[in-house]
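Same chain, two partners: subunit A is paired with subunit B first, then with subunit C.
Then we have the complex of A and B:
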């Protein structure tokens, strides 16, 4: 019974649910502020994403007459549900263990694609031609960034598996545990290409410039979420915030989970700092310094560079063990 | 409670531009100087959105030409309530340099309710931001 109570607490308060939502929204606010400072502007306050959500709940919800109502309504929920479950799979070293079952990495891999699928369903159910274009672009983006992600996960799993005497370990808690004993994978030179590949994967999956092709607001007017308004749109924004926590958390867990010490609060702050550094490197700087590329360019880019980098790591891991 | 929520919510007005046959002068002011890059309305919580379904404050430029009238009215209908309309430039008020033309069906407030007028050809960025602040005050009472 206490197990279920624990699980619900994890799901709703910490580290999932409330904590993850606040963390994700705060990270988005920080991102917007830093972008503004890069462009020599004042920028919105850090809590702007929270205000946006409050505002969205007070707006009217308009559903297009030709939309498929059930699919249109369930799509935002699908993405949100997927992400809120995904958050509790991510261990925070020194604070939270994660759900310890073998194969949670595989579950996470599937859950990570849910927001994109939700966007696709929402876009195609909205009956808008822009939604349809967004749908096809989202599909192409997903196909292009899933391959490098898969290779990176495989590399890390193989590395840890070979070191611990098995084959591949698809258990996130085991991977974190291995790094806590033997040092973070960040300091292993064979893993550096995989880390870079993962950093390139982050802006693609988060849909920020230069890879915001499915939601390009200047050409296909926000694509799949074009027809959403009010609290249904707010759910998409929440999903995005949670996805940020999941993706950055996965990067931290895979490459640098080392905690600072025994103190839980200190560990939490250290964890937040790692998030912040990753956010600035992989999202904010990329977002301010580039322009949007075409979908075919993005496809080629992802299948060339991150895939090649991840393959280098994979081969190095297989050779060196 | 509702009052508190609208006090919070008024700090996140999302802007949407409608070009009702404008000569593009006001749009350039909106897009490149007044709003995001130079005078920064994002500090008020504003954000340009691509979709009318996400908009709170509508910025209309241009004298409402005959060809674009139906589309503007339809776009206006698609914006969810509560919304506020700001007419930018002198064209929405009187037609500006295009007045008396056979192609003009304006002024705009014959068709849709305009809450704030920002006259000028084009208006100064400071005037536009002032107009947006006026619009936020009106918007708060409707939230």
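Then we have the complex of A and C:
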């Protein structure tokens, strides 16, 4: 364990806090720009998410009269706090080690569900019927994408655990360390189905088309966050940006953490490039080429394809070791 | 499971105009629907009875945006019936051309909105981009992107020179290929199909019972196209194929609208081919005697009926119109129950509601 000063630096400046927020917002800006170019629009400038946030923080906060104030106020903080902690659990190979303790993958799994839970709490506390619909949809979405995620994590943990002489390793730093020595899991064919399953999981958890069902703008007008305004809404947006960093970072750590070399700056750029590629594959292209599906269709989809893919990897891992 | 009410509207992102639906849902399933209208009432019927017949031409064109051409068109037909005016043949063809161009733009807009509602924004952008071809055409020929101001009592206000005809043919040809692509997407794209197939079903017998009109009726296999059943202007000399679908769902209505665009292109091409020479308008200021008349036409959304009574002065004594949406929105009560909350805006959009016309 690092000392307290180090921890606070990690939490607030790098790789969590400031760095992650800037990275997440920048990724969102890039995503919006690419989508706009796909649709033959000019699109907003890359810094648009930043000025959106600044504008939001200057706006008045309006709380519905019938809302449950405490829950309504705590929900955005809950999601944000969860994500800011989650960011420092993710190692950046060659740059940052992560918090090296043996169960960090499990902690991360719990933290990952916090933004969705925050949305549910906020939505139901807002007392709006759209919030209520959003609540139930968020719940169904969570149940559907958590299963494949669990299976993928289990597969990776088993793979690394079996190779290093244990049963399963729920430690991200060990998983990354293993890959640095024995080559990335990306190049192991038994892990490819799991990787694909994880790529399908990303748009679901990030809530982008076709899986933006809990917040579907044209159906239930943003659902849970409909009643939020001002800096509380800004917190939700920040949570989303951080979540993008966490989810993409987890994908990189699980499957392709290999750094370029010894140079820290170069490694950081390489890490950013991996993020970009993942972002385009799993979010940008998906969201430009599809329409939103219904919640029942999404539920069936997640229980079928990603789960099956993850199971294939799991079985292959168990058989081949 | 308990029932609760979801308010859709009066201002809702998926509705272009204010309209208030109180939807009773059980979980995510719709069980009932109540429609509250009257948010865009502007007193236009009263206003029309305060102005003279010429001023009304301008007023009625501003009744609504997407079917703006049909209102003065039908109004002129009613007036001409009362006064017994026979308009020049060229004018009849020109009226049809103006009407069909508006129909293309209107249907494309509705189709684009469908894509927007299911969150398929790339498709939305694509359809709107294709629609720009039509908008450019309107601007070039009529000088306006929305209100064409094509009709006047006894004829039309515009003429097509050879150059403009050439331009129009070129623009229509430009429209054909992207249109085929769009039809293919709406019929075969997995995401569009998953959302539109089997949604908002209006069986044929219910369609007949509610007397729905336009593409909503034709999507349920009921052919009541005024252009064929009771031809007006030049439609009796043109060959109009009415696209019929039997799917009875949102998809069927969308496909009917798309096929109608293709048909509109055909009709305009026929018009341009047989366009007779001659004047485009009568050369005198007609006097309107006392009398009453009913005229109807096929607007992009269905049958539009005008009732007009005059008393010999230049101010109409009574003017009343029945718009297609008035017939169609009651049928929502059949389409909605049993569907999911996610489908509400989709089904509302599928009747292509024009609230400005309906509540005037």
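One rule holds for everything that comes next: the second predicted complex is superposed on the first by the 319 of 321 C-alpha atoms of A that agree within 3 Å, B and C clash if a C-alpha of one lies under 4 Å from a C-alpha of the other, contacts with A are read in each partner's own complex, and residues count from 1 in each chain.
Following the convention adopted for this analysis, contacts are C-beta pairs under 8 Å (C-beta built on N, C-alpha and C of every residue); 3 or more make two chains touch, one makes a residue touch a chain.
Owing to the predicted nature of the structure, the values given are computational and were not obtained by experimental measurement.
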Subunit B and subunit C placed together on subunit A: clash or fit? clash
Ask   = Where does A:296 make contact in the superposed view: on subunit B (first), on subunit C (second), on both, or on neither?
value = second
Which partner does A:221 contact after superposing on A: first (subunit B), second (subunit C), both, neither?
both
Q.
By the touch definition at the top of the document, which applies to A:39: first (subunit B), second (subunit C), both, or neither?
A. both
Is A:213 contacted by the first partner subunit B, the second partner subunit C, both or neither? second
With the two structures laid over each other on chain A, which partner does A:70 touch: subunit B (first), subunit C (second), both, or neither?
neither
Review point. Of the partners subunit B and subunit C, which touch A:230 in the superposed model: first, second, both, neither?
Key: first
Pick one for A:132: touches subunit B only (first), subunit C only (second), both, or neither. second
Both subunit B and subunit C touch subunit A at residues 39, 41, 217-218, 221
Subunit A contacts subunit C in the complex at 38-41, 129-130, 132-133, 136-137, 209-210, 212-213, 216-221, 288-297
The residues of subunit B that touch subunit A in their complex are 5-6, 8-14, 36-37, 40, 42-45, 47-51, 53-54, 56, 78, 80-82, 143
Subunit A partner, complex, touching residues on subunit C are 4-7, 12-14, 25, 27-28, 115-123, 125-126, 129, 189, 191-192, 194-195, 340-345
The subunit A residues in contact with subunit B across the complex are 32, 36, 39, 41-45, 48, 51-52, 54-55, 57-62, 217-218, 221-222, 225-230, 233
